Amino acid sequence: MNTANQTKTWKEKLHEIIYEADTPSGKLFDVVLLVLILASIVLVMLESVKNIDAKYHNALYIGEWIITIFFSIEYILRIITVKKPFKYIFSFYGILDLLSTIPMYISFVFAGSHALVTLRALRLLRVFRILKLARYLGASNQLRDSIIASRVKILVFLFAVLVSSVIFGTIMYLVEGEENGFTNIPKSVYWCIVTLTTVGFGDIAPQTALGQFITTIIMILGYGIIAVPTGIVSAEYSRNMKKSDDEKLKTTEPKINLNTQRCSNCHENNHDDDAYFCKVCGNNLH
Amino acid sequence: MNTANQTKTWKEKLHEIIYEADTPSGKLFDVVLLVLILASIVLVMLESVKNIDAKYHNALYIGEWIITIFFSIEYILRIITVKKPFKYIFSFYGILDLLSTIPMYISFVFAGSHALVTLRALRLLRVFRILKLARYLGASNQLRDSIIASRVKILVFLFAVLVSSVIFGTIMYLVEGEENGFTNIPKSVYWCIVTLTTVGFGDIAPQTALGQFITTIIMILGYGIIAVPTGIVSAEYSRNMKKSDDEKLKTTEPKINLNTQRCSNCHENNHDDDAYFCKVCGNNLH
Amino acid sequence: MNTANQTKTWKEKLHEIIYEADTPSGKLFDVVLLVLILASIVLVMLESVKNIDAKYHNALYIGEWIITIFFSIEYILRIITVKKPFKYIFSFYGILDLLSTIPMYISFVFAGSHALVTLRALRLLRVFRILKLARYLGASNQLRDSIIASRVKILVFLFAVLVSSVIFGTIMYLVEGEENGFTNIPKSVYWCIVTLTTVGFGDIAPQTALGQFITTIIMILGYGIIAVPTGIVSAEYSRNMKKSDDEKLKTTEPKINLNTQRCSNCHENNHDDDAYFCKVCGNNLH
Amino acid sequence: MNTANQTKTWKEKLHEIIYEADTPSGKLFDVVLLVLILASIVLVMLESVKNIDAKYHNALYIGEWIITIFFSIEYILRIITVKKPFKYIFSFYGILDLLSTIPMYISFVFAGSHALVTLRALRLLRVFRILKLARYLGASNQLRDSIIASRVKILVFLFAVLVSSVIFGTIMYLVEGEENGFTNIPKSVYWCIVTLTTVGFGDIAPQTALGQFITTIIMILGYGIIAVPTGIVSAEYSRNMKKSDDEKLKTTEPKINLNTQRCSNCHENNHDDDAYFCKVCGNNLH
């Protein structure tokens, strides 16, 4: 690896640090990034608390700007060090990185919009790369497969929940009326979902005997149907797990990709540990 | 198919458009219908919101009448184009179509009854025909079989829930009394179901120490027994899924009927894709 | 059977009507009994509603007494027609029958105690005998076996829930204090169980930032651990179902006892359909 | 065993009584300990109730001190009778025993801290030793294995719940604002978790139409994802149970250790019933 290293430009070195987590400096960069993301979320949260903001407004404000400037530089470097920048810009993480940087700049124009900085929470998804949780998650993918396999059934289930909410909501609006808090049908439907999902805020509650009787039916319905998605996911997951157990008996351990290298040319990140060149575009990886 | 088409009367053409979804015009008709159903539900919902109704009352009122007239014409055409109209009128969809059309007419006599227009939500069930979800749902029917197989057990479970609610409700009425909101036994039973299903509105809540102790027992009971229906459905579903997996190994892929043709004479809709005549009454399908 | 019938005394005939459900008159008796139980529960419920009681107090009162006298006669007949009355009196149903009869008499002494008449709801459990649900429930007993098999695990689980409630309740009492509704530790523990079971009445709710943070932990804990009993019951039930499936392949259909005959001498009720004499004490069954 | 007994010093006898539950006196000691733990928890709870404390303050106070002194003596004896006291002091139970003794002494300095005495609830975990529940729990350990096997998946799930709570919480803060109770982002996030876990206190509830619409999404999300951990635990538990069933067919019944002897020298407690000397350090066990 050292021989290849000698010919590296500063762009390639930066690319390795920013996009990969295999070298010590690359790992350090990722950890610093995560700490800054967490710090910025805490800063925005604290700023929204009246009496904390009153005391430390300037400190919080400066802190947020320092982090934002860091993120701005990081975003620009990410674009520069990649050979095909548009592929990064319009990728999931590219859009996310932009969205979590700009709210502070926009807040010059629209007051309050900088609260959107908490979108940075989504950037925490990067944590999975460092912790190499991919090993646990990626290897089997049983859970994802279970959810995909039961996708249509769960959608049909949600559709049924919505249709019954609309109908029960309208009935409750007619039965209880405006004087008991069911001021209009959309609000009644909202209340119906609150009840069906067993959340039950209690800001609106039936007052008439007939309304309470119908509520009883809604609650028992909600209590019963929660068994349906749970049963589906359990059963699908159980089947997938069994399938994968059966396969393990037949085949040798599947190759798990823990390598975090990313081609600076085509952004491909599915490389083997011993790969010197990108398998998609032939670009030198080191 | 063209040869058969030449001899079609306008009734047969309309029947194809209204009842089937295989031709482009038939598909278009279904999509227009679904959009109108959704629009009418939204209109009724908006009308129930005071300040929106105050501003746009006339627009909403005219919109609703236009949709109602369209539905009335559709209902009459459905009756005319079928050879045995009574079979349609007293079918599930026939009754539903009537019920979702008449509330607007009845609202001349009884104010407020037009809110029942939201019954049109049930007509949305037709969406399954277009999306051909039948493929996913109809093929296996595992979920339906699981619920049917565990039907008696779930009924016994609900019966047990109701009996315990009546007994705990009475005890709470005696313990808490009218001064703490448990004004009568039916209300106490209602509160007990609210608690047992973990909804917990909080409009009524125990105030005495003894009442709170009994509530603790009710809640832990409710928390524990939710495991029972979930466990039953999971296990039954798991078994059905396994059965169907085993059968797939033995038999060839079962024939799935995605054809939406419906005989204009006897209303039969279970035809093969290459069927030219109704398999029940011999009527020409094209 | 007719030959045996000729020698029957009135006691034996009454025993057949009251305790068994195989003859038409025995079935009729059971149905009348269930209707009266339901009627008496409805009467007590209605009486507890102020404005209904004000209007129809006398009618409700007379109705209750008629049913109570019927139950009293039934109870006495049950004792007379059985050859070993003490066995019945101290059996589960014997105690239940007494408990659901006496509250009206006690209400002469203690006002309000007649609300305990709703204990009659438990007598509804007899419904299983008529509906012969035993066929569905008794044959497999999978559900009961699952709950028994997971009994110790569920108890350990409940014990863990209670211990954490006591500890979190005390912490919340120290954090929130009396001014925010956590007036004492027992109340805090009660609130903690309300939260852990996801009921959430909202009559008491944390006000301080620290209290809300601890509440977050309690809620996520409660949300997570609900998976444990569900998982246990699902898995045990699934295993029992599989075992019973396996057994069905091996053995012939097991004999299910749908016979409701009950020996008037020793109260044994597990007789075969063709039994003329009690298998326990040799008493003539017809 | 009697021959070994003759050479016992008082230290060894005390060790047997305090640490073990095989001899009658050792069993009695454990039962007395559990009763005292329960009594002390009840005492602290009662003392926090205003009107009970007002009446019986002195009795409660004396009772607590008696129990605390007993626990102090027990703690000192535990240290003395063990040959390697530091091993006990820094073990899980050692720290627990200290923590549940000192709050009363600390309460001289900081008022109110004696409420931490309820930490003694954790000492109740010793109950498992007496009831020999280890037999049920220790033999299979299926439940523990299931939770460990699904540990990473459940952590990822909780991480996803937290990230969505932060994002939805911020959105609700922007939509609803301070005038509707969403006074700052941390509080909004707290409310979001209250809703997602279906607890729903109702102390804060959305008032605007848009806020109620977003709440609907949060609730259905929460209602749906509760299926995920349940499904995981069910499936893992089911697999572990099956594995253990398979193993039982192959092997003979595994040896279960119900012996509660504990070496007074090295604190090892995994001895066979017929062991006379500690298998780790060779110390005489009797």
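All chains are identified by letter, namely A, B, C and D, in their written order; residue positions are counted from 1 within each chain.
Criterion: contacts are C-beta pairs under 8 Å (C-beta built on N, C-alpha and C of every residue); 3 or more make two chains touch, one makes a residue touch a chain.
Predicted model only: the values in this text are computed from it and were never measured.
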Interface residue overlap between copies chain C and chain D, same or different (over half shared): different
Chain pair repeating A-B, as identified from B-D, A-C or A-D when over half of the contact pairs by residue number coincide: A-D
Identity of the chain that, by mean CA position, is farthest from chain C: A
Fitted rotation between chain A and its twin chain D in degrees, CA, nearest 5: 90
Which of B-C and A-C has more C-beta contact pairs: B-C
Distance from chain C to chain B - Cα centre to Cα centre, in angstrom: 33
Chain A-chain C separation of Cα centroids, rounded to whole Å: 47
Contacts with 2+ other chains: residues of chain D: 186, 198-202, 226, 230, 232, 234, 236, 238
Chain D - residues contacting chain C, complex: 41, 44-45, 48-50, 112, 115-116, 118-119, 121-122, 124-125, 127-128, 133, 136-137, 143, 146-147, 154, 158, 161, 186-187, 190, 193-194, 197-203, 226, 229-230, 232-234, 236-238, 241-242, 245
Footprint of chain C on chain B - complex, ascending: 152-153, 156, 159, 163, 166-167, 169-170, 173-174, 183-186, 189, 195, 198-202, 205, 209, 212-213, 215-216, 219-220, 222-224, 226-228, 230-232, 234-236, 238-239
Residues of chain D defined as touching chain B within the complex: 198-202, 230, 234
